[in-house]
Every structure is written in C-alpha cells, then in structure tokens.
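Each structure below appears as structure tokens.
Shared between the two complexes below is chain A, which has chain B as its partner in the first and chain C in the second.
Let's turn to the complex of A and B:
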C-alpha cells in the first residue's frame, strides 16, 4: 500500500509537536515559545506503518516572510501531502483561523483539530464545530494534545480523508477538496479571472491558492510560475481595478477580508462565557506581577537563585553521596546507623584521620600535627604531639564501616575489590580505577544535580514562565538595539548549545542571526552544569550563590556583548522585530516535565559512556607514558607526554591562576565535551594527596595558586565562557555560513572567556593585597577596553511599542 | 603483568574501540532533545543534523 503523507500544520505553540509525539511515539523537543521547530520532522503514525506524519514549523500564515513560513509553505505547495491535519488553539481560535483559511485554499483534504478543548470547556466557552466545518469545507474535531485526548481520532479521520482522495487518484481524477470562498464579489471576480489565466500552469487542486497569491503580487509565486510579461500585465488590470474599487492595496484587501470572514464566522460559532468576557484571566493577573516593569528581573533572579540553592545546598549532599558513596567507596543505608564505643561513623573517621596526621607529623620530625579544612584549605585543627601520642596513634585501626550500620559497597569499591580478587597488576588496576572509572564516575556523580536542575528548568518552561523571560528581556534590550528573538536561543541553550545555535535560524536578519549565534552559547548548558556543580560543591559550598552567579554572568555577557557587537559596523542596524505570543500559565504535567528532564539527562549519561570513557582512557595513557612509551609510576608523572604537552600551553594560563600542565590538560580536554573538564581534573590530580577525588582536586588547585578558591573560580569561568564543545563549534561554523565568520565567533568567545577569567584572578589578587604586577595592568586595560566597547556612543534605535486594546 | 591483567586490559580496549566506533558512525550523543536513532535513520551524522529545533 502506498504511503500516506499527512502534514501537521498550525500556529506556533498550538500543540503540534505535542500531538506529533503522541501520534508517532517520537520524543521531539516541545517548547512553549515560538521557533522550537525550525525544520520539518517526520514520524510514522503508531500502528499504521503506511502513514507518515510531517511536523511542520509553527506559522501564522503562508506568506514567505520567515524561515518557518518558507519551510512549511514549500512543503505544502510542492510536496503535495495527501491531507493536512490543522492544529488550532481553541483558546485563541479567532487568530488561528487566519492560517486555516489559507490552508483550506490549497485544495488538500483537511481536518481541523481544535486543541486545548479542556481549557475551552473549563473557561465555559462553546465552539460550534459544525458551522466552522461548513464554512471552511473541512472536518472539525476537538482534542486535547497535552492530555492525549482525541488526537488519534483526528489522525484517523485525516487518514480516511487522504485515503478517499487517493482512491480518486487511482481512477485518474484526483479529488480536489472543496475550497471556501471568503472574499467579496469584486475580489472573487478578479481571482476567477486569474484562475482562468493560469489553468494548466499550476496543479489543479491548488489553483485558487496560486490565484490569490498572484492577486497579492507574491514575488516568489510569480517568479516560480514564470508568468509572461503580457499575461501579468493583463492580470494587473484586474488587480488594479479591484484595488481602485476597494481603495486599498491587494495584499491588505486579502488580509482584511480574511479577518472579516473569520469575525463573522466567530460571531456565529463561538459563544464566550459572559462572566469571563471582561474579566482578567488568572494568566493576566500573574503576568501583572511576573512581567511587571520593576518586578520582572527580581523574580527571574529569585527563580535562578532558588535553582542554584537547590543544586548546591541539598544537591551538594546528594553529589557527595553519589560521588563518594554510590559510585565510590560505599554508603550506609539511612536509619540503620549506630554508634560504636560512643562514636558515630563520621567521628570515628575523623579520629582515624587525626591519628594518621599524628603519625605522619611525628615521623617527619614535627612537634605539631594539623588537619586542613577540605573546602578552604586552611588549618582546621592543630595539636601538640609527643611520643606517647605517636604510639597511641600508630595503634589506631581504620574504622570498619560495616560495624556502624548496614553498609552498601560503592561501585568504585566493588570494581577495586574485583580487580584485587583477579590479581590484576597495579598498572592495569590504576587504568581501570583511576583512569576509566575515575573519570566516568566523576561525570555520572553529577547526574542527581543535573536531574534536579533540569526538573526545575522543565517546570519553568512548561508552566509558561520561560516564555515570559524572553518577553521581559526583549522589553529591556530593544533599547540597546537587541531583539528578544536573541533570547529564545538562550533559553534553549540552558539544555544544549547545539540547538541554541540552530534556533538562531529563526532570525531573518543575518546580522542579528550571527550575533545571536556568537552569544547564545554563553548561557551554561547541561554539560557546563557539571563544572559549576563540581566547583560549587568543592570550593564554594558555603557560598551557594556562586552557582546562580554563573548564569547571571552568562546573561550579562549576552546583554553587554550584544550591546558592544551592535555598535560595530558588522552588526549595526535596527533589531529584528519580535512577535511573541505568551502561552497561558498552566500546571505542567508530571509526564511532560519528566520527559524534558529525561531527554536531556539521557544524552548526558550516554556521553559519559561514549565520549568521556574513551577520553579518560586516552588521558590515563598519555599521563602514564613518556615519549619513549615507557610506563611511569604515579611519582614520575612529570615526565609524561601529557605533562609536556600541558606545559607547552600552561604559560598561557598563568595569568588566570591555573597555569600548570594539569590545568592546561583539563581546560583543553573540555573542548571534547565540557563535562570532560571534571573528569580530567580527577585524573590529573592522581599524584596529589587526598582521601577522595574531590580532596585531590582541592589540593591540585592549592598547588597551582596561593589562592586556590580564586584560581578555582577563574578556571570555572574560563571553561564556561570560552568557545563551547567541538560539536557546538562545528554547528556554529555551519550556521555562520562561512569559515571567516566561524573564526570570528570562536575568537570572540575565546577573548571573552580569557578576559573574564584574567580579570577575576588578577583583580582578586590585587584585592587580597598581592601587589600590582604586569598582568594586573593587562587585566585593567582589557576591562577598560570592554567598558569602552559597551559604553561608547552608538547609533540610537527607535523603540517601537504598541498598546493592546484595553491596556491602560 | 599476569594473564588476568591482559584480560582486563583487553576488555577496556574493546569498550574503548566500541565507543570510538559508535561515535565515528553515529556522531556524539544528542543532548538537545532530538532522537539520535531517528536522526541516523535519516542519514544524519551528529545531533546537529537531527535536533533542528
């Protein structure tokens, strides 16, 4: 049986992709802001292998003004789908019908699925499907895509329609769907003339659509049809007569009459709940606060800060458990722990650590022993020691966790025990434990926090809040010549930089598109989240605000970087217009939020196995072999290949506070995938002291700088704001359209990352009284240059604002 | 090195090669919400080809 092609078409944010996923079982990303679907996607209808459903980008009309409109129009007109499933937002049916009238003119069998009927019913509104069906000559059904109600029935109806048209095709007479006539007599007269003139030049079924487009003087259509000058001159006479009679231009005549038709149709078929008619909806009332001129930004800051607090304070404990417990040595099942000799597990461990410190200090000839604070690196406790204390400490036995409660061995411990049981050599054991598993487990250890943050972001997205962020940003940034369209990719970029760069395609203006591509990856993505979490937990546990600060720095770079770029010749110009429909707030469904979270988390876990694992094995090898390929011990790592390569680059990073071969190796390897930085740090800190991987990393930074926290902050900022991972860079080059622009993007990002990291470290050192040096001066000059680039006089932009009816 | 060391090393090597082979064949795993399998069915090589959000 021949394949049936069904096009899923409708306005942006009307629920097409939600329905597409429900019908095909796909997991395409669903977002409640415009521009989520840029390219068409196809899937097979569940249980019907012969039916292919094409999810088209959301469009408001079939005019060729935006990329989405071009993609959808090209498909509908040229690829001739067997039927159209037109999704219409029932809560905004009047506006949605504009596209529906155009789709009906294509002569393709159409089923209109009025979505969000659950909300329509809840609002007490009534829609007469029969009247709409009669007026638009199509079938109309009510559905709720989010609740998975009616979607399949609508699809089945569309398949039936397509099939009946297909049967006619077999007989040689393809059935042309009835098309509605929505215009006044004189316009219909002119269209009829055009139809007559273009017969045979266009497919029979779409002749009316072509005729209307010619009436509108659609350049693309006239060009494609290759209408001769003589014929066009003849048609122009009819069009001009009509324009003269109605005293308007052809395009406006068509638009106005379409709206007149829709209005009269709505008067007959839509009954609004009288009680709600003039009453502000709950969304309106929430928006009065959330998008308020003064409250919008503090609310956004509060939301991201709450996310940061969740990730570091409760999330930090979960990360510790995941890294040191579940994936590391092991953990006690809660509520099963008890004291042994008056000590709980933590006290017994601390006592043993003190005994070890006493033995080490006495054997080193010291008279005092001390223990450092893991987070600050400062001495937490210091005590006098003598021979008696040394002898007592030497007898201390490492506490057995199994005595303190029900102990579950961690995966790391099990791997270690397994290797020991097999009698594997120390080198191979180190490769598996410290190299492969050490790196992979570091990345996997952040999964709980990643899930937590993604759940939070998915909730903000699904309830409709994130769409408001772009709206609020547009209001502020338009004054500086930036468009809110540039912030849609930023929101997408919180998940991954790749679709963020691709989302910039929706910006028609090439200058703004390039600028958005350069800036959108500054927002921390899911992979960078691992870096932020690692450093927040290891170095800034008591300063949880450092976590959200990284997001605010990212946003600040996007805003100020945009302002600076807009003042350069290459990017100057009026900002792209931004039309955005704010979705009504609603309580997200559990399955929807989980879907968003799982899609992103799954990718993160897969990367740990496919990218991080081989990279860690490779790193372990280049760290444990010299150029003569001789195996090195942990004490000889300064002769390794990685040491030499890292040292060649380390001098570049000296002004940033982590100019060692380990710092260079971590920073460079992060270009494979950003979370690789966390894994590499664990691997390159093998030679450092420390009971856990985290403690080794802390000691690594202490060895690189007298101000480990400052160096850690600088390292984190550098890795977050230099160019993104290799995949995202490749997409940047592709989307920029030329190598030169690709290099400009990468160069700009490298400059920004380096400049911010250098400023933080150098000015931080200056504030701590380390004196004024060459690099301090360099940092100040770079900062002054950045300030000049942002605040230098530039072209003033007109701020166009419009008030909606009824708005005070 | 003893026999079990060689066995463990071989296992690591096989996984290493499998991971590289898969990445070379299908591209980096997709973190952006697109279906990587669907992408490769359509001839895509990396998430950039299939996640056209």
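Let's turn to the complex of A and C:
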C-alpha cells in the first residue's frame, strides 16, 4: 500500500505542532505566539509506518503574504496531500473557519479537528459539529491537543477518509465528491463560468479553488496558469459585471461573503455562554497590567533584569557546585554533613591549605606566608611563620571528605583517579585532564545558568507575552524602521540565534526581514551567556548587573544599528504593516515549560560532546606540538603551532587589548560555538601560573594588558557582538537569500563588534590616563563615523502604500 | 468616521475599507470585513498600534491602517 500523506493545516497558534508532536512522538518546538513554526516538518504517525504527517506553518488564508504562508500554500496546492487534517481553534472558531472554507475548496478529503475543546467546555460554550460538518462537507471532531485527547482518533479518521476516497481517474489523486458553495448567486454564477473555461488547464479536483483565485485576480496563481489573453479578457468581463452588481471589488466580495457564510453558520451552531460574555477574563486582567500605558516598558525591563539576577545570584551558587563539585573534585550530599574535631569540611580544607602555604613559604626561606583568593587573585590572608608553626603545619594531614558526610566524587576527580590507575604518561594525562575535560567541563559547568534562562524564556514563550512585546514595542521599532514583529526574533535569540534568524520569516517584507536577521543575533544567546558568566565571575565580582547590561547593550546596538541601516539606500522605506493577532494568555503547564527547557539544554549538552570536545582535543594538540610535530612541555608552548597561527592574527586584536596568540585562539575558536571561548581560554592558559583554571585565565589577561579588567571587558563584548557562531552564520546566509546579502550581514556584525570592543579598550585606557596614541585616534574616528551613520539626516520616505512580498 | 477615531471601549460596525493591495486583503482576511462589529480595546503604551476585538478575538493594527477602515 502506498504511503498516505496527511497535511496538518490551520491558523497560526491553533495547536498544530502540539498535535503533531503527540501524533508522531516528535519534539518540535511549540509556543504561544503566531508563527512559531516557519518550516514544514514531516513525521510518521505513531504505530502506522505508512502514514506521513506534515506539519505546516500556520496560515490565516490561502492568499499568502509572508514566506511561511507561501510554504503552506504551495504545499497544499501543488504537492497533493492525500488528506488534510484542519486544526481549528475552538475558542476562536469564527476566524479559524475562514481558512477552512478555503481548504475545503481544494477538493482534498478533509477532517476538521476542533482543538482546545477543554477550554471551550470550561467556558460553557457549545459547538454543534454536525451543522459545521454539513455546511463544509467534511468530518468534524473535537480534540484537545494539549491534554492529548482525541488527536489520535482524528488522525485515524483522516487516514480512513484518505483510503476510502475515490481516485481521480486522470491524476490518480484522491478527491472528494463535492465541495461547499459559500457565495451568493451572482458570484457562484461567475465562478461556474470560470470553472467551465479553465477545464483541462488546472488539476481537476481543485478547479473550484483555481476559479475563485482567478475571480479574485490572484496574481501568483494567474501567472502560473496558461490562460491566454483572450480568455482572461472574457473572464474579466464576468468579474466586472459581478463587481458592478455588488458595488465592491472582487477580492472584497469573496472575503465578505466567506465571512457572511461563516457568521450565519456560527449563529446556528455556536452557543456562547451568556454569563461569561461581559466578564473580564483572567487574560484581560493580566493584559491590563502588562500592556499598561506606564507599566509596559518598565515591566519589560524588569523581566530582562530578573532573568539576569536569576542567572547570577542563585545561578552562581549552582554554577560553583557544578564546576567544583559535580564536574570537579566532588561534593557532599546536603544534610548528611557533620563536623569532625569541631571543624566542618570548609574550615578543615582552609586549615589544610594554610598549613600547606606555611610549609611552602618556610621551605622557600620566607618569614611570611599568604593565601590568595581564588577568584580575585588578591592576597586574602597573610601571617607570620616560625619554625614551630612550620613543624606543626608539616604534621597536618589532608582532611578526608568522606569523614565529613556522604561524599560523591566529582567527574573530574574520577577521571584523574582513573588515569592514575591506568598509569598513563603525563602527556596523555594532560591531554585528557587539561585539554579535553578541562574544556568540556568548563562548558558543562554553565548548564545550570543556562537552564535557568531557558526556563524563563520557555515561560515567556508559552504564556502569550511574546505577541504583547511586539505590540508594545512596535512604536519604538518603527522609529528605526522595523515593525514590532521584529522584536519576537530578538527575544527568541536570547535562547539561540539560529531559530531567531528563522523566526524573522514571519515578517512580511523582505527588506525588514533582512534587517531583522542582521540585528537579531546581537541579543546575547544562551551560549554567549557562558562567556558572560565566566567573565563576570573572574573579573567583575559576580555583580548582578553585568547580565542585564549586556542585554541592554545588545538592544542599544539593535536600535542604533537599525537607525543607521535604515538610512542606507538598501533599507530605506516604510516599515511593513503591523497586523497581528494577540493570543490569549494562559498559564504554561509545568511539563510544557520543562520540555522546552530540556530540548534546548539537551542541544547545549550534545554540543559539548560533539563539537566542543573534538575542538578542545584539537586545540590541545596544536598547542602542544611544534611544526616538526615534536611534543612540547607546558613551558615551551611559545614554540607551538597554535602560537604561530595565533600570532599571525594577534596584531588585529592588539587595539582591543587581547592581542596575543592566546587571545586570538580564543576569539577565533569561539566561532565554532560561542561557549568554546570559555573552554579555549582554559586550555590556552595552561602555561600560565595559578592554582585554578580561573586564576590562570586572570593571569593570562594580566599578561596581555596592563589593564586586565578592561581587556577582559573588551574581549567579552567582542565575542558577544561579532557575528554569531558558524551555524547561525550559515543560517543567516540561507535566510538572507544571497551570498552578497550574507556577507553584508556578517560584515556589519564584524564591524560593530570590533568597533565597540576597540572603543571600550582605547577610550578606557585614555580615561585611565594612558595618554593619546594612534589607536585612541582611530577609535575616536570610528566612533564619530558611527555617530554620523546614526544621526545623519535620513531621507524622508514618502511611500504611501508599501509593497509586500509577492507583489510585483 | 474611521476606526482610528474610535475611543477606547467604543464599538462600531465596519462600513467600508479603503486602500488597496495586500495590506487591505490581510486586514480583511483577519476578519475586518463590511458589517463586522469591532471594539477598540486599547492603545499601545506609546500611542500606536491599537488593539481591537473582532469576531471574538484580539487583533492589533496600526493607526495608519485603522484610518483606512470606515466605521459607523
């Protein structure tokens, strides 16, 4: 038996992907805003290998405006699915049926699944499926995709329908006996006439759909058909007669009459709960606050800052545990700990460290011993020593963590012990411990912070706030020539730049889509969060404001970058119109939020294994071998391959404050994946002094610049705002539509990242009193150029009606 | 009178849609057709766009677009 193809079609945000996931067991992304799915996705119906389900991007109508609507329409009209499963949002049935009337005209067997029936029932509304089925000549079933009720039955029904449908003799496609007629007499008459004249020119079963499109003068459809000027002229007369009689244009006549048909159908089949009608719903009440005149923007700022706080304050503790405990030496299970000889584990450890320092200092012939703070590298404690103290300290024994509670050894410690047992050489041990594990564990250490941000983002996406952000921000976005819809990709970009670039497809106008793509990856993504966390811990004392500051710098770049781009010829013009549905708020389910978070976190962890791990091993090798492939010790690293290659590039980074081979290696390798920067820094600092990886990285920056903090800030900003990782760049090239546009995007991002890092470093040095040099002047010139690009008088655009994609 | 002149909370019926092309079609596709009742729910914090209730759901359009919708 041949495969059966079933297309899932419906309005945006009607729950198609939720149903798709339930039917196929996939993990496709869902969210509560229109336009989550921008690509067609295939899956096999659970337990039915011969049935392929295709999830289409949501559409409001078969007259396409944006790219993802084109994908859906093209598929439905040209690819001939065997049946359509039309998902309809039961809480918003009137507008959803508008698409259904058009789908029914395609002549493809169709089952309508009225979704969100749980909410409809809770609201006390009643829908008469029988009447709708009769009017639209399809089967109608009620489902709740979220609660996983009825979806499978609906799919089975669609399969049965596709199986039992008659095959069209000519094309071999399955067809339905009759399609609904929804228009008034004179329109139906004209359509019948068109149908007659185009017979044989279009696929037979969809002849009515084509006839209506010709009546509407749909340019895309007419262009693809071979109608002939004479015939078109003849048909045009019929259309004009109709327009004259009804005193409206053809397009409006069709739209109006479709909605009239639906309205009268609704009057018969939908009983609304009268009691609820005028009551403010919870959604309304939330909305009142969130989009309030005065509170809306502060709430948005607060939301971002809250995320930053979450990532640093509770997130910081968890990161410590992940780095030192879980991935490092080991950790005690909470509540199992107890004191030994009046000391807890921390004190015992600190005492032993002091004893070790005393011994080391005395043996080096000093009279004072000291301990450095691991994080800041400053001297935390200093004390006088004498022979008695030395003798006492010599007797001190390393405390055994197992005596202090239930001790779980960390992965790092286990690897170390394993290597010791195997008796491997020092080289292999260094490769595994410092190279591979050192890098990978650094990246994995940020998982807790990233999970927190992903959780927060999943909540935002699921609850319905995204569309409101677009609504609130539209006015601001318009100031720099974008529509509020451009804000959605930017928020998606907080998770990952790849879906952000793709989400720009929902923007109707190619020019605005391109601009959104160029700008949206300036928002720090989850992977860049690893860089921010590392630097805020090592250089900025984990201040909570480092995170929000980076996001707001990102937003500022978007705003001013947008203004500057808009003034260039390529992007000038009115922004795309803003016509957008604002979905109802709903409380996200715990499992839904968790699933979102998990999909993204899984991606991050897999990346650590599949990309970061080989990259770290590679880096370790090129760092520990010279060109004649002789192994180098940690003291000879300046003869390595990496040293030479890095040095070729380092001069480019000199004005930014991290122009050494290590800095170059870290910045370039970060293009593999942004979090690679953290791993590379740990690896390239192997030759530096310092007890911990973090201390070595601090010393590395100290070796590169007299102002390590300034250089660190410059490095962080550079990595955040130059072009995103390889994958995101590849997607950018694809979505921009041409190589030239791809290079424009990457070039712009590179310029912005470099300019900001250079300004910070050079002007920072100037402020610290380092005098005025060549690069200071260069930085000032670049800044003046940027100011000019932003504030130069732009052309006033006089375009009144703006063109959309698809219009010629 | 046009839709952008309605005050918050006011309801009116669509009389006519001016303009042409894809934007007009999009607005009609979203359910703002002749004879439809439409209520202005709210204006965005910075004065534009506006939020409407039409056919039982919330739709947001800019004032520029609303100015092309005649109501009465």
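Convention: the second predicted complex is superposed on the first by the 692 of 808 C-alpha atoms of A that agree within 3 Å, B and C clash if a C-alpha of one lies under 4 Å from a C-alpha of the other, contacts with A are read in each partner's own complex, and residues count from 1 in each chain.
Methods note: a contact is a pair of C-beta atoms (placed from the backbone, for glycine too) under 8 Å apart; a residue touches a chain by one contact, two chains touch by 3 or more.
Only a predicted model underlies this, so the values are computations on that prediction, with no experimental measurement involved.
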item: Partner chain(s) touched by A:507 [first = chain B, second = chain C, both, neither]; value: neither
item: Which of chain B and chain C A:348 touches, first, second, both or neither; value: neither
item: Which superposed partner A:472 touches (first chain B, second chain C, both, neither); value: second
item: Partner chain in contact with A:61 - chain B first, chain C second, else both or neither; value: second
item: Contacts on chain A seen with chain B and repeated with chain C across the two complexes; value: none
item: Chain A contact footprint on chain C (complex, rising order); value: 17, 19-31, 33-36, 42-49, 51, 55-62, 64-65
item: Parts of chain A lying in touch with chain C, wherever the complex brings them together; value: 60-61, 63, 65, 92-95, 98, 248-249, 251-252, 255-256, 259-260, 287, 291-294, 296-297, 467, 471-472, 474-476, 478, 484, 508, 577-584, 801-804, 806-807
item: Chain A residues within the chain B interface of the complex; value: 26-29, 31, 35-39, 41, 43, 419, 422-425, 427-428, 431-432, 436, 492, 495-496, 498-499, 502-503, 525-527, 596, 599-600, 603-604, 606-607, 609-611, 613-614, 617, 673, 727, 730-731, 734
item: Complex contacts: residues of chain B adjacent to chain A; value: 1-2, 4-5, 7-9, 12, 15-16, 19-20, 22-23, 27-35, 38, 46-48, 51-53
